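Below are two complexes that have subunit A in common, paired first with subunit B and then with subunit C.
The block that comes next holds the complex of A and B.
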């Protein structure tokens, strides 16, 4: 199976199944192009700042959840500590920009590299653990990171880091009132993570990861280096999660440990993918598109009352989905059955 | 999405038209001036938001109805400067998250067209909300976040009528100096604080002032907030047995601290608290019997009514609504709205820059507030330097103001435990 996939599927037109597969891949791309183009047009109709804000968060969480999905969905390593990588990205970007005037673009890239390095270190320590034990270990490591940042004066400790208020600029990613630049940045970020996931689906790495997810022993016996596979997935996932963190820091223009590294974020990255359909191309995006507007809008329009109705709705929805459709919302649609029979 | 959009824009246009219409015949028909209130209404600090709501609604009542009390905008119904216009509050929930605070501020400004915002309890959230207000040239009145870093950001639309942590802590050390001058032996201090922005800021200032004024810090303990156990920490405090213990803790930790001290048989010689948990009714309900003699910094105390009649009047109004006395937080919130209403009244306008200028020109003498402040007058940085804090002492039944002498209702019990 792994041998076949190293040859691009399009080059084997004689095999009916592969033709079908190549066609469905092409269709996926076309469908994605249409969907993303549609999303890109939305702000032209929706000019309300608040709703644009909700859309930016939705796109951002969709993208970061897509990153989480690489490790959690495709490779089957459920991480509940991705806030660590998000935080590293946010902090690297902020510290470099505020203290050394390094533009956030470089900060995000450096944060990504740093984050990937940390993910490799964390992987070295934890990838021998399986299932729940791995998930618990990731929570613990992220909490350690949170405590360290809390007590590290160089990065502002509990006080956090405030970005200076400056004029609008693409270089510094600061826009006082205009939300569109953030919207398009987040959209491009989502498209990039989507394309990576798309590429992974039909690459030897992707097949390897799914094999590791299904049965590590069997995968090993087929010649897949399980440990290295996991490490690669973790590094890739962490890199892009950190880019998301850097963007978040630029967007909010203020970070403190609780607001980028708390456990809540780790959950928030896993939930959209789980809700939408774990290990699928569109799961994270679909999950985020439902979850984020729901929580944001219910909080804004019902939260002011102090009754907590918004949180009840949020909790109820998650319970409903996990009870009725544990395999995710995507299972409601038939179109994902694009794989060869 | 489109229909909602349409509806929303329709509503916004309709309300804008309504506001504009009412400006035109303001003398005949009172307009409503929307003011945004951004607080934690759900989550771990929901109680703060619920209490704040009572405080702000009491203030609205003072502004919108006629009251015979010496407070800004109280005398007549509504705002005289805007033809008797009434103010209206729009509440938003930030759940303690700076990002949500920012988004809510933006929503209030762009959708609800609020003319100013008051917030936000958490210093981290006040940070992003005030930065957003700055970007939209809408004034932000910081009612109760006390981090000193907030007014040092060169914001033009940031105003804080109440004291910040350095002022509060200075008052504590002024008090200690005064006690020393009276011949009491005070040499050592123990710091005990949570690992949040509040605890960090508070302890930094305490450490610095202790060094400046010649007190020795014998115990410097940072703990994780909402800790399940404080036994190890209290053991350290007990061993050090400083002359003064200075805790900076919120409600649950404050209760746990006092319980643990009692279990381990540690009776601190004196305790001076950085308010927070130690100004919450729930702490005294739970462990008040062990806290007789506790001193806390405060912005307000009910017995101020002796010196400031308006304090009793406002407290009674608040009490009838909330069924409790004003405390450190609610008093500051209530006063913040009165100060903002006064500025809008003088600005005779609902435009942000004009209200901002009116706020900057604020000059309210202390006796026209219900707070122990000397006056309300903002510096270039938006901080009111004359928001004199007080120290209050718990007697076992209630609080008594003990410092500074000008507003004190009696002498302190010192030491707390012998």
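The block that comes next holds the complex of A and C.
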């Protein structure tokens, strides 16, 4: 603010700035295409079933964390109850398929809609709360959901739901030996959630959500309906989280309350985005690529999920990241941020 | 047909906080296209009235009319869409976003797509003199630049009325001079300006008319030259002892 700009606005080269921005968006898409194409080639080299399983889970968690990031990263509402939406998707898909022979494709969509509706209800109850109080409320509500499912015989209670054994089919998403279909489904799911996030980043929704995250009062003064913005973000986030849950149910072909709705899942959806870079396009994917293989490997070497050593490890990782790089690991790669003087 | 000359009117606006009356029966009128100063010593109720107009708080009683609408009970976002924009006393920039993105949040009120919003934001940023910093993170701006950013964000919504909450506070004299130029430029573009300020030296040469609040009530109103000679104003600001001096 040392000199006054006297040039009339219309004479300035805004077209250049707009074109430059459009070009950088195009470059991001090209980079994404290269990265995703690279991932698609990996299973052609890695034939081991165990490793393929780990990769499928990594992609799935990356995608669901990407969904979590819509609400948590962009809109700033830190939910630690996303296991509820994941569970709704898994249960809706399983119940519809096992009891009514509804194909999982439709089950995932219906589960998504149901989950979005539940998210709106949860939002109505909790979005008046701020910060930690909101996070605590989401934990509690997800735990209530877990308890309800535990005691609800119609959905199998504590025993859960076993998917029938059938032949390999894309219609029912059942593949006994071949892991590749699951791998590519999970990859496409990740790409879809990434593209949605990409689209949102440069839209009125995306800017509105980030404004709500940074300063709700200022956002309101600029015409943004804060409550409605949060509700929209929650519904979108919950819909795709449930699709992930439905896919997971089809993938493991057996679900019980603890295996899809425990608090551990809520953490595993939030942590990749936080670790990689909250509110960024690639944070969730980068975080999942580090965290999930680490989790799976420690679990298989150090014993089952009961020991919780994996939780200790990423608790430590998060502490390390928040102390050293609070913006997430992705900030290590951002060379462009330092602008020429 | 010309537009009505009064753009904003408050009628008997009263705001109570428990036993404290922050505004009592304040009735003011703001003319279309004028720069109005809302002044008064600390605790006079300027910010309370400001917040009632901006929609941050609905008054205990009284009515507020804007541009033919009764806006007393409208939310801040609704008021924004009708054409009221504001800045904050302590700048509230969106710190995770770049400068141009901050302003885009405002320009989306009238833009139909992101490209248009970006274009409007760039134009507004050049207008306020932040053209060189559009791609910088908002968090890197200096305090005076942040005030400009808030002005840009508010102006990007294409308001009819711009409410400025102590925009001059904490500026050096040369920065304040640039601020005064900018506010004049805003008015020339057809926007009515209401500014809360307690730095008299800056406000008085800038405003067309000043309204003085004291202890929550209207004390005086008129041209700056009249206000500075008003006995009631002098004693409210300086105390009775100084009246003779």
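Keep in mind that, in the parts below, the second predicted complex is superposed on the first by the 304 of 341 C-alpha atoms of A that agree within 3 Å, B and C clash if a C-alpha of one lies under 4 Å from a C-alpha of the other, contacts with A are read in each partner's own complex, and residues count from 1 in each chain.
The rule we apply is simple: a contact is a pair of C-beta atoms (placed from the backbone, for glycine too) under 8 Å apart; a residue touches a chain by one contact, two chains touch by 3 or more.
This is a predicted model, so every value here is computed, not measured.
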Item checked: Touched partner set for A:21, first subunit B, second subunit C, both or neither -> second
Check: Is A:219 touching the first partner subunit B, the second partner subunit C, both, or neither of them?
Finding: second
Check: Which holds for A:202: it touches subunit B only (first), subunit C only (second), both, or neither?
Finding: second
Next item on the list: Pick one for A:150: touches subunit B only (first), subunit C only (second), both, or neither.
Entry: first
Checklist line | First, second, both or neither for A:82, with subunit B first and subunit C second | finding: neither
Checklist line | Which of subunit B and subunit C A:210 touches, first, second, both or neither | finding: second
Notebook entry, point to check: Does subunit B (first) or subunit C (second) touch A:230, or do both, or does neither?
Noted result: neither
Next item on the list: Using the touch rule from the top, collect the residues of subunit A that touch subunit B in their complex.
Entry: 42, 45-46, 48-51, 53-54, 57, 147, 150-151, 157-160, 162, 165, 176-177, 248, 252-256, 258-259, 296, 299-300, 303-308, 310-311
Next item on the list: Show which residues of subunit B lie in contact with subunit A when the two form their complex.
Entry: 1-2, 5, 8-9, 41-43, 46, 49-50, 53, 90-93, 95-100, 102-104, 106-107, 110-111, 124, 127-128, 131, 134-136, 147, 149, 153, 155, 195-197, 199-201, 222, 224
Notebook entry, point to check: Taking the complex as given, what residues does subunit C use to touch subunit A?
Noted result: 54-56, 75-77, 80-81, 85-86, 88, 92-97, 101, 104-106, 108-109, 111, 114-115, 117-119, 122-124, 126-127, 129, 131, 134-137, 142, 144-145, 148, 153-154, 157, 175, 178, 181
Margin query: Using the touch definition from the top, list the residues of subunit A that touch subunit C in their complex.
Written below: 1, 4-5, 7, 9-10, 12, 14, 17-18, 21-22, 202-204, 207-208, 210-211, 213-215, 217-226, 279, 337, 339
